[in-house]
């Protein structure tokens, strides 16, 4: 394929860049195609639709797989460093969006793997003007990172609670009330602690109901813990940290956000104009 | 209709204004009528009531429609700019509150559209002294607007999660356990992730229950995200009564509404021209 | 009853005061009796217990009513202003704790009204050292009062949502799927929006499930609103408001919490020692 | 056992210390054994597994009990103060992890008590670098301690609400709709107020459904209270790394950890004796 280098470069601008008109238009069309392909997979899973239109839908699915294959090859072709693209996160996702369509030829259930294309929908942030979203996502990630250790403490505590309560309920209620094993008891404890409450397994004995009440009150109260952690960290991340300003006297670089004087040397950080003070 | 202009003006004061005694009394009576009309629609939907009083209720409903029609025409008549009113938000809602009553003559199910009158209930804020509520609603909207991008990031992530988990559950549990299609699986994932947990569709296989537990824990934890976002933004919006002006010396961004000097560095926020100071 | 005034006064100290040893002991015993009386009512409602011990329990209940009657008469007798006590909040609750026991002689279901004695349990705060709890309750009430208008805006919006969605679901799903009337639809909408999700009424049609998903996502998201309002207000109430300090130059009395200089006159709020500055 | 003292000391380093390579490796292996023992108990509770492998699992369980016994004796042996270890929190948990295995010889249900070993999993924080987690757990506990009184006020209010609503529902709905006693009513009220909503007991009468709606709205709203309390306290605790010292001039209460002068008024936080300054 000895196409002139200029075609490759023009393709690169369209396929990879997002700040040109052509690039944005390409991304928009691609998003619509991904969405359409997802809808096809979802529709095909509905019994009535599958019975009447399975041939048509399979054809459409094939067309989409062909389009994505063409797109993948184009990306490989016009990327300055094809290998680096192929092993990047986006490159792997792009590949994964094609493979199940080919496997589905031999093993029809594989078509559900096509749902992995939903990950390609994350490209949507490239169409909505990218940068402010990145900043917001950055705040959210910052808050999550800051609360990582607190969240691990929280999850370990929840796991311990759930194991203990699940076992207790298995012993108290027993198989005749649906608690057929400890894993089932733990499943029930998770359903209850998270306040989901399916109602497929419910306590029948008075003691079991007392214990359930305890689990529910605990679940209802400790939901405050992740919320509190996250809110406090997010407020921290959004406030920005310290005042960055060199003290004119001792050159201390960061200060409390509301500082008027340097806390090391006691001199004003922002001295008044000399004339006024005289 | 060559009524003297003074009647039109007096009507205008009563019908449109809220800071006069007559205007407030009119709004109160109108609210009661809207409420009564809503109650009529709701009562008529109850089987026992409908069987015994359907004639009576239809009559009452007609009376209300007539009253609203009269009110609408009055508003059109006494408004200084009738067309502008007719195409304003309130004008359209007022019209929509009448139309279904007329359609219901021919197609009886249309009467349920009358429930749109509930939107007219928003007038209640005009009766409760308006302005402090507007200010509070303003804070809430400000907080929502400030968190718009974070919320979009959040909703896109939730949609992706729900699609992936819904498909996985469809593949794992299959039609024999109620997961008859991918949309059904997505519906189940939403029911579970939001911790609603109807219990109409529940996982039966061990693998399905493990996956459900994961969905529930995620749902229970990420509820912290919108809460954290909203709280941090609301706190921001409430602090927002402050004067937003960068101090020319120390760049402090918000100040007391009446501030003349910066409370951090003591310099004038709005320095006079140098010549004047000399 | 010509008892010496000193007995009356001694009774007053025991019955009404909480900062003496005798007064606190009296309150503790009273709390135990109230608790025992509540347990009796609750036990009597259990079928097995009622069948076997109804005579015994009725006797015990009578004894408690007699004790509370004696206590009430004592309070009336030793209170310096009996009428004022009788019509105070606590006086009325004390009376209401006796009346149902007497009515129950003639109409046996009235005994359940005895549960009103649970309100007397609020005395528990008098036993746990009173004042720090009052301060905390004060913060909570302060936060609630500060958020009153925001909460009304929130509740009106929720009511509107619930009415509209309830009616829509009634029209879409109809009586054959359990949505037998608009009030039932509204009940379902409340069950769903609050993420309770009993599962006694669930959508069966695809359109109904799409609408339900919307209601659930809304419910899951707007729980952030009351939390955000309350947290922001509570943080406000706990932070205390402004810095109270008279400016030495212009006597401005309140300042931003972090102010170093007066925002009116620009002079230092806390001038440095003269010797140092020289 | 006259082993040289050096072996005891070497054992002590391995078994008790966490900052040496050998100590950390020992803790990691121990964690894996605890986890494996938990999995064994859980697997044994599943009917299918129990039927086919009960002998094998009992043997494995025995092996684990033997290992833990050996570990316990080693700890006793190499601890410098064996009695102090035996009666410490960890010592008691270590003992409790062995006893049920021995009791299970005579009374087979006792094996479920082995689940208490889950508490030993808390050692996981010793493997993940310990100290930052301790600090985070400290923040969380600090926040909980600070909000203790507010939480008691909250729990007392919730208990009162739940008792009153449970009794009301028992009177309104009655045994024919599943509300067979007041405790059952209270159980229902807890299930509903915490938004769990199992759906095993649901209101059937219109009045009951109106009351339920009230309970749900209350539950949905007051979840804001613990969240608000906890968030505000946690934010406080996290700010708590600051220096707590009232500035002698302006009474500012918290400062940067290394502050020498107050960042608000610029005066020394810890003024020297007057004579020295002169």
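All chains are identified by letter, namely A, B, C and D, in their written order; residue positions are counted from 1 within each chain.
What we mean here is this: contacts are C-beta pairs under 8 Å (C-beta built on N, C-alpha and C of every residue); 3 or more make two chains touch, one makes a residue touch a chain.
These are the chains along with the protein names UniProt gives them: A, B, C, D = Ion transporter.
Predicted model only: the values in this text are computed from it and were never measured.
Trainee: Farthest from chain D (Ion transporter) in C-alpha centre terms, which chain would that be?
Mentor: For chain D (Ion transporter), the chain whose C-alpha mean is farthest off is B.
Trainee: Copies chain A (Ion transporter) and chain B (Ion transporter) touch; is their interface built from the same residue numbers (over half shared) or different ones?
Mentor: Different, since most residue numbers here occur in only one copy.
Trainee: Centre to centre, by mean C-alpha position, how many angstrom separate chain B (Ion transporter) and chain C (Ion transporter)?
Mentor: Averaging C-alpha atoms per chain gives centres 28 Å apart.
Trainee: Which whole number of Å gives the spacing of the CA centres of chain B (Ion transporter) and chain D (Ion transporter)?
Mentor: Result: the chain centres lie 41 Å from each other.
Trainee: Which residues of chain C (Ion transporter) are in contact with two or more other chains?
Mentor: Each of 183, 186, 195-199, 219, 223, 227, 229, 231, 235, 258-261, 268 in chain C (Ion transporter) touches at least two other chains.
Trainee: What residues of chain B (Ion transporter) sit close enough to touch chain D (Ion transporter) in their complex?
Mentor: 195-199, 227, 231
Trainee: Could you list, by residue number, the parts of chain C (Ion transporter) that touch chain B (Ion transporter) in their complex?
Mentor: 149-150, 152-154, 156, 160, 163-164, 167, 170-171, 175, 180-183, 186, 192, 195-199, 202, 206, 209, 212-213, 216-217, 219-221, 223-225, 227-229, 231-232, 235-236, 255-256, 258-268
Trainee: If we count contacts the way the header does, which residues on chain B (Ion transporter) are in touch with chain C (Ion transporter) in the complex?
Mentor: Contact set of chain B (Ion transporter) toward chain C (Ion transporter): 38, 41-42, 45-47, 109, 112, 115, 118-119, 121-122, 124-125, 128, 132-133, 136-137, 139-140, 143, 151, 158, 183-184, 186-187, 190-191, 193-200, 219, 223, 226-227, 229-231, 233-235, 238, 255-256, 258-268.
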